[in-house]
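The same chain A turns up in both complexes below, where it pairs with chain B and then with chain C.
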Partner chain A sequence: MSELLSGTAIRPWIERLLADGKRVAGPQRVHEDLVQYAWLTSADQLALDGFVRPSNSIKEVVFPRHEQLYGYQFKGKRIELLPAELPTKEQIVIGARPCDAAALPALDGVFNWDTQDEFYNRRRELTTVVTLACGAYDAHCFCTSVGLGPGDVRGSDALLIAVDDENYEVRCLTDKGRRLFAGVTTESSAVGRVMEGPPVQFDLDKLGAFLAGGYDNPAWQAAAMRCLGCAACAYTCPTCHCFDIVDEGGPSGGTRVRNWDACQFSMFTAHASGHNPRGNQGQRQRQRIYHKFQIYPEKFGALLCTGCGNCTRNCPAGLGVLPILKTIAPTP
Partner chain B sequence: MQEELRQTCRRLLTDGTVQVVIGYGQAAADDRVVPVFITRPEDADQLVWNDRCFANLAKYLLRKEVAALGRAAICVKGCDQRALLVLEQESQIDRSQLTVIGLACDGVGEPRQAKCQSCDVHTPRQADITVGQASAGNPPATADGRYAEIEAFLKKTPAERMAYWKAELSRCVKCYACRQVCPMCYCRQCIVDKNRPVVISTSATLKGNFAWQITRAFHLAGRCVGCDECTRACPAGIDLRLLNLSLAKAAEENFSFRAGMDPAADPIIGAYSQQDHEEFIR
Partner chain C sequence: MSANIYQPDLMEVIQVRQQTADVKSVRIAFRDPEQARAFSFRVGQFGIFSAFGAGESTFNICSSSDWTDFIEFCFRRTGRVTEALWNAEEGDTIGFRGPYGNGYPLEKWKGKNLIFVGGGIAMPPIRCAIWYALENREQFGDVTIVYGARTVGDLVFANELDRWAEFEGVRVVRCVDPGGETPDWKGEIGFVPTVVERANISGENAVALVVGPPIMIQFTLPVLAKIGLPDASIYTSLENRMKCGVGKCGRCNCGPVYVCKEGPVFTLEELKRMPKDY
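On to the complex of A and B.
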């Protein structure tokens, strides 16, 4: 037996969630040729098919691009700290891609490694992730090359799989998922089938060997020659999580905020002295690959890449993880 | 035309005229055309020319990693060449050290990009070598056509325009792809990167995004050549072209000036005249 959710029941159900005061995010068609995850104000905004994947990622629901950590006020010679309020609203992501959800356990590691990040953890607790198994892939997708697939359940609370044009099979995977779908689904004998993913496009063992001895390989600069040093890759990546902490305020006080930052900016590692330990783009691209495929794995035992392909899709120069890894670690 | 381009570049590399050709090549991983840097004559066959050659390669002349490859030849479309002229006028490139390969272009993208609809530089000007011939069938370009989109936009009420920009700029994540692809964004330290003190908030909030995009547009006034790379690069699909068009229109209407068109015309931001009708100039 399986649990079934009809396509026509999805929108009224989302309207009820919104009416209950929950924040609901999902893919939205922003322009004719652009789909992005965004907070929904109406269930009609949800787009579930007709595209491969949104051009951004769901990380923003747990790790917003801009977050106030606390406020401060100067009181004579004293400084008064004003704690920021932690979020309280339950939030649900509907129609997330498996390559987005799989990034969340990876982020959990980073945000709980040396300190427990209360903002991240609170948002994470408040978030239920409903993934939708992929119905298509494009030339930039490479989930199967990093051990994932179109129906992978990592980081997901419930997985939807299309049964036909009308219905989805709902596989609840966690208590959060079961709570969310309680009373919403109907029992059925119909079962969804997950499509096959894209062919494996690079060799992880070969990559490991290359990284072990390839730190000074000229391949890095050769690959990075066309990189222009923006953060379109990192900011649309489900797993990239670097941030900068800055104070915004005036003579009487202000706010300490956390903003996204990215390793492809030359400013990212620039020292106040003027020295930059990553002085060229080859070194910066090398860092991005090493972080995802060696540094993070050594520390947390998993890859920091889910194969979503957003880096390449969004790169004005067509670079990104896949083009680089296809060059340095090609499949036989 | 592609074969002619390859032959030309092979010759330039063989006879030592240049050490690198900055051009377009077919990506190995997918169907995209990407910038390539050809340094050996035998690799000239990697060069391609088709209507997916979107990038304005002029930006690469400003990158030190590319400059380190040596004397360069660069492939440009007509719109890209305008950027070269501005960079030359602003003393950012030494034109005498550069070989410019002009690629006759009937437009890029399917359907054609917005900028191509009103293009009047199908054949790049001031190129050292021109490859190919533009089709005689390209539509004639007029000032009306150039600014049709911004004129239509300006017919909206101020409230409607504000609502539009709020919705669009709310998606900006400050990845600075717009800045990084822009040939005119070459400041050694961008104003948004100044942090002692902070001039423009680094936050990708609505306020911070307005501050960034408005500042950038102003810095491009009378300088933007309309290559639309910022619009193409934006991962959030923000039509930055509209901002640039509005300033280009002002420059043409008030100063009869179009950036990168006339080598003899003084840049409007970089020159002044005693005859200026504003008092402050005297």
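On to the complex of A and C.
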């Protein structure tokens, strides 16, 4: 027996969640050919099929692109610090792709090794991720090359698998998932089937060997020749998490905020003296690949790439992880 | 203590000293006596200092860890945050978070002769170790300090150089780049690596701390090798740009090594194993 979420039950269920004061995010068709994860104000905005994957990622749900760390007020020569208000609302992502959900356990490591980031952790605790197994892939998808697949459950609290055009089998994976779907599903004998993923497109062992000795390889400069340094790759990547901390304020006070940042920007590592350890785009591309496939894995025992392909899909120059890795670590 | 790892402690500016035309050193003390009591650090560690309204910057804590009434930092006026810090006056409030990083391995330095080599604005991260060594004189051997700047006016903590020279077993060699001297300049004229070579320093039972512009470090290292210092006995402090200080913001790494966590102090031996992202 399986749990079934019928097509007719989805919208009333989401409306109920919204009415209960929960924040619900999911894919929305914001333009004829642009689908993005966004907060829903109505269940009708949710788009579950007819596209490969949203052009952004769900990391914004736990790591907003702009976030207040604390505020401050000038009191003469003194300062009063104003603690940031931590979120309290439960938040639910519906229709995450497996390559988005799998990024969350990867981010958990970064925000919790050595010191705990309470902003990230609070949002993460409040978040339930309902993943929808993929129904299609495109030329940029490479989940299978990094050990994932269209039905992978890493980072998910529940997995939906399409049974037919209308209905979904629900596999609850965590207590959060079970709580969310309590009373929503019906028992059924229908089961969903997860499609096969794209073919494996590069060789991880070969890549490891290349990276072990490839720091000064001319491939990095060659890869970066077309790169504009716009960082669309990093901003739409589910796992990229670099940030900047800046002040926003006026004469009476202000806030200290963190904003997304990216290793592809030329000023990212620039010293005050003018010296820049990663002064050219090849060095910056190299950093991004090394971070995902060597630096993070050495520290946390997993890859910092889920094969979503957003880096290439959103790149104005057709670069990104897959084109580079296909060149330096081709499959036999 | 707040659970917010990004929230700074509030510090009162208690002294501002202008060191050169564009360098100031600032002493700050905790506004909250509880925080002051709980605070300690190791020389060589750094902090993230903030001017509210402008932002945060990373500097070495250039006071000795034995001084408990204040901590001190030193900076060149060069951008938005340092411009705001430049304007700080006594009694003003600035933010501090830290200490971060590893600091100097003083335990390993005990009983050794110490060689300090610095250039320009890199004196502060050496100065904290010098004061520590001089005020714990019995723990260390001879101390040699070679400090150079482009011009006489660019020497930071210049008045302290004289005080250091008064300690027994301490030799201070001052230098300025050719053309940077004044008519009454009594120090050496020449670039730091050359001056180090001319100074005939013994490398026996010694460790060296070399901090300065990359070009100065690059040419000083062979000189130190020549006097017999192994790579494991040569230390430097890296200056990689940082935002968080706690291994998350993603910019200070040299390959797998996060400078904010595993550094900023490295031996030459360690540096040679790291990608050159510094």
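Keep this in mind: the second predicted complex is superposed on the first by the 332 of 332 C-alpha atoms of A that agree within 3 Å, B and C clash if a C-alpha of one lies under 4 Å from a C-alpha of the other, contacts with A are read in each partner's own complex, and residues count from 1 in each chain.
Everything that follows uses one rule, which is that contacts are C-beta pairs under 8 Å (C-beta built on N, C-alpha and C of every residue); 3 or more make two chains touch, one makes a residue touch a chain.
As the structure is a prediction and not an experimental result, all values here were calculated from the model.
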Which of chain B and chain C A:Gln221 touches, first, second, both or neither: first
Partner chain(s) touched by A:Lys22 [first = chain B, second = chain C, both, neither]: neither
Partner chain in contact with A:Tyr290 - chain B first, chain C second, else both or neither: second
Partner chain in contact with A:Val246 - chain B first, chain C second, else both or neither: both
Touching partner for A:Arg178 - first (chain B), second (chain C), both, neither: neither
First (chain B), second (chain C), both or neither touched by A:Pro83: second
Partner chain in contact with A:Glu298 - chain B first, chain C second, else both or neither: second
Contact residues of chain A, present in both the chain B and the chain C interface: 244, 246
Chain A residues within the chain B interface of the complex: 30-31, 33-34, 36, 55-56, 65-66, 139-140, 201, 221, 224-226, 228-232, 234-236, 244, 246, 248, 257, 259-260, 262, 265, 267, 280-282, 312, 314, 316-319, 322-323, 326-327
Chain C contact footprint on chain A (complex, rising order): 69-70, 72, 74, 77-79, 81, 83-84, 110-111, 113-119, 215, 241-247, 249, 253-254, 256, 258, 261, 263, 268-273, 275, 277-278, 283, 287, 290-291, 294-295, 298-299
List of chain B residues in touch with chain A within their complex: 27-37, 55, 59-60, 63-66, 171, 173-177, 179-181, 193, 195, 198, 201-205, 208, 229, 232-233, 235-237
Chain A contact footprint on chain C (complex, rising order): 2-8, 10, 31, 50, 52-56, 76, 78-79, 82, 91-93, 95, 213-214, 239-241, 243-244, 246-256, 261, 275-278
